[in-house]
């Protein structure tokens, strides 16, 4: 009986150790650290943040920040990449996240001998820091990166932590809306990037009870009675968006809706989980709690 | 007994020639710079050789076979249903294959370890999907024997609807990371094809071709109507079985390897009829050849138009297919 | 060798269409069947052809039960001309006729295919139409093409293989010239030795054309035999529920 428990623990320990090791090996330094093709907006962002954008040969369509990215060759949509297309840019290193695909294309690229790294993502503030460190390790600039992180990001991360750990004032209850499918908005349930963002701001996700991105009914929205609606948007036409949402009967009947408590931010800046997400989370946290 | 006249033979031979030329072109163009000539005569770099033999060649081969499969299946179904608007999607086989694949993507990872990374399980579940549809159709129409092809069409519509619901439910319960695979199925793509993946599939496809071309004459006679065809000695149940099962195999395999690609099955047989005639001994092989030519060209455009990115090939076939389809409707209306 | 029809009964949803029908079709003879609408004439022909399986009774062709004859073999021993459906695709006239050519036909090997087609087209008066598209023909012309196809299918009568041809209202909607053409060819086929079975509507035609006649009403045979016996005023009036008399001198039905 005890023997079995012991074996179980040993098994779990070895498993997690292996998981750790595999994560560590992903972030090992690459043989060739320039000539990079990037499939993932946050990674592009990270490279620009570290001032290493000159290494980039090509990017995917989700890499739309900063503006200079539009001058780089595009390899298309991150989930349906082209083997030949990527190889034609002659990359030595490919960096992407776990939505890179299709898997067969990734296999083909690896078979040709190109170094392909899928950077692990944890949707928290420290997860972002780890992501930046991983990218930095791969291209061999850990020290420089640690400097940048310490200077520019850690203060914000610490500030954010005070919102997350706060035990003094009441937490805000929010929902994050991705899009309107017909008349049912798609909202962030648990386990989504949206949920990760909400937690980063120290707020409570009113729809934590289900997993994934799901459509919800008008009644569910009114019943959940959030303090704020957080809306990631592609175009920042704030004025017209607020107007159309406040006049929308689904939102009009909520407390937040009547007070016009809508928060709009760029979707990649919010859900990409690159450096901007830390900045955006802090901005949103301040905006929500400042009103009191 | 020769059912194909000399003009039709000329068209078939020309198509073979054109297909060879088109294959050479497709093998020579792409995002990466390496041509057919390079392969034959010059020293290529390791990457060039990899791109040519492991990436481009299987892809071009697959597009040719899928094009031929969809076109032939379309011609067969237009003959079986005696309806010029019939299409492989009509009897629900494509939807069944997509449902099989979708089920696997969303549910499979819960049951089979490491399943998402194994590239063979996915096509296999597609084929299971289309096989399930065939069986359901067989059961509903009682061995394809129920009088009237209308019944079969209705069964096909029901199956399509059911698959749609199934795919919808799976989409709903899936989380974001699983959904990544689903758009591939509806738009179609030949990316990522490898020889080991397509080898067994091509064997099945060739076998089905041989099976169905033997029935070409019977499809002609079927055009007189089912009663007449019966009186001329045609076993209607057997014919329906052959056409539907062989269509299901080649369409199921095609969808599993490259997603749902529309219009080719509908449009190519009409092109072949306009060029050479309507008898199936000519129509089936020429549809296969023209379907292959069309698909190889469509994929060539898909992967070179916005290089280094790629368009879904289904977009190209729809762009060519829709105006042709409209023209076809006007032509039918006039006569 | 004949076609023996033994006590055929058939019904749909408890409604009887054929009741205990028996008859015999012999080679070299034209057997016609007449009767009011809905009497079961066409249904009977379908049972003989094998389209419909009767509820009871049997059809014996050349000594063999129809159910035991393979579908492809049935096509050799009997051909049938009946109403046809629309042909969706643009076949040539010649291609439609050629569909009557059975690959399992015994004399396929003797290579008389070209000659046979020429002969039959000529017989049917459509040899000038061979290269045209079937769908561009008039209704009457299309029927002649189907007639030619039926003849091609039944081509190749041999001493040890008795063949039969069925016609379901072959002259419907045809002009006089074509009507006479078809009737002449059918008579010729009977003389050659084929067993001919015809459903007819026109009583005058039936009297003058047939060797034997069957009169059927409500799925039951009222009278069968020599035309003179069948065309009895009382019997005809009863069956058609209309007072008629038949002028045998001129071979014409007259109404009061």
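Assorted remarks:
When the chains are written out, they are named A, B and C in that same order, and each has its own residue count from 1.
Everything that follows uses one rule, which is that a residue touches a chain if its C-beta (ideal position, glycine included) is under 8 Å from a C-beta of that chain, and two chains touch if they have at least 3 such contacts.
These numbers were taken from a predicted model, which means no experiment stands behind them.
In this view the innermost chain, defined by its CA centroid being closest to the centroid of all protein CA atoms, is B.
Greatest Cα centroid separation from chain C: this falls to A.
For the pair chain B and chain C, the distance between mean C-alpha positions equals 44 Å. Separating the CA-averaged centres of chain A and chain B is a span of 39 Å.
The centroid of the Cα atoms in chain A and the matching centroid in chain C are 79 Å apart.
Annotation for chain B: no residues touch 2 or more other chains. Not a single residue position of chain C touches two or more of the other chains. Residues 58, 61, 73-77, 79-89, 98-99, 101-105, 107-108, 111-113, 191-192, 211-214 of chain A are the ones that touch chain B when the two sit in their complex. Against chain A, in their complex, chain B makes its touches with residues 30-33, 46-47, 50-51, 54-56, 116-117, 119, 172, 174-177, 180-181, 183-184, 189, 191-194, 197, 303, 306-310, 312. Considering their complex, residues 49-51, 71-76, 78-80, 82, 84-85, 87-91, 95-96, 99-104, 108, 113, 135, 153 of chain C touch chain B. Listed in rising order, the residues of chain B touching chain C in the complex are 1, 82-84, 217, 220-221, 223-225, 227-228, 230-235, 273, 278-279, 335.
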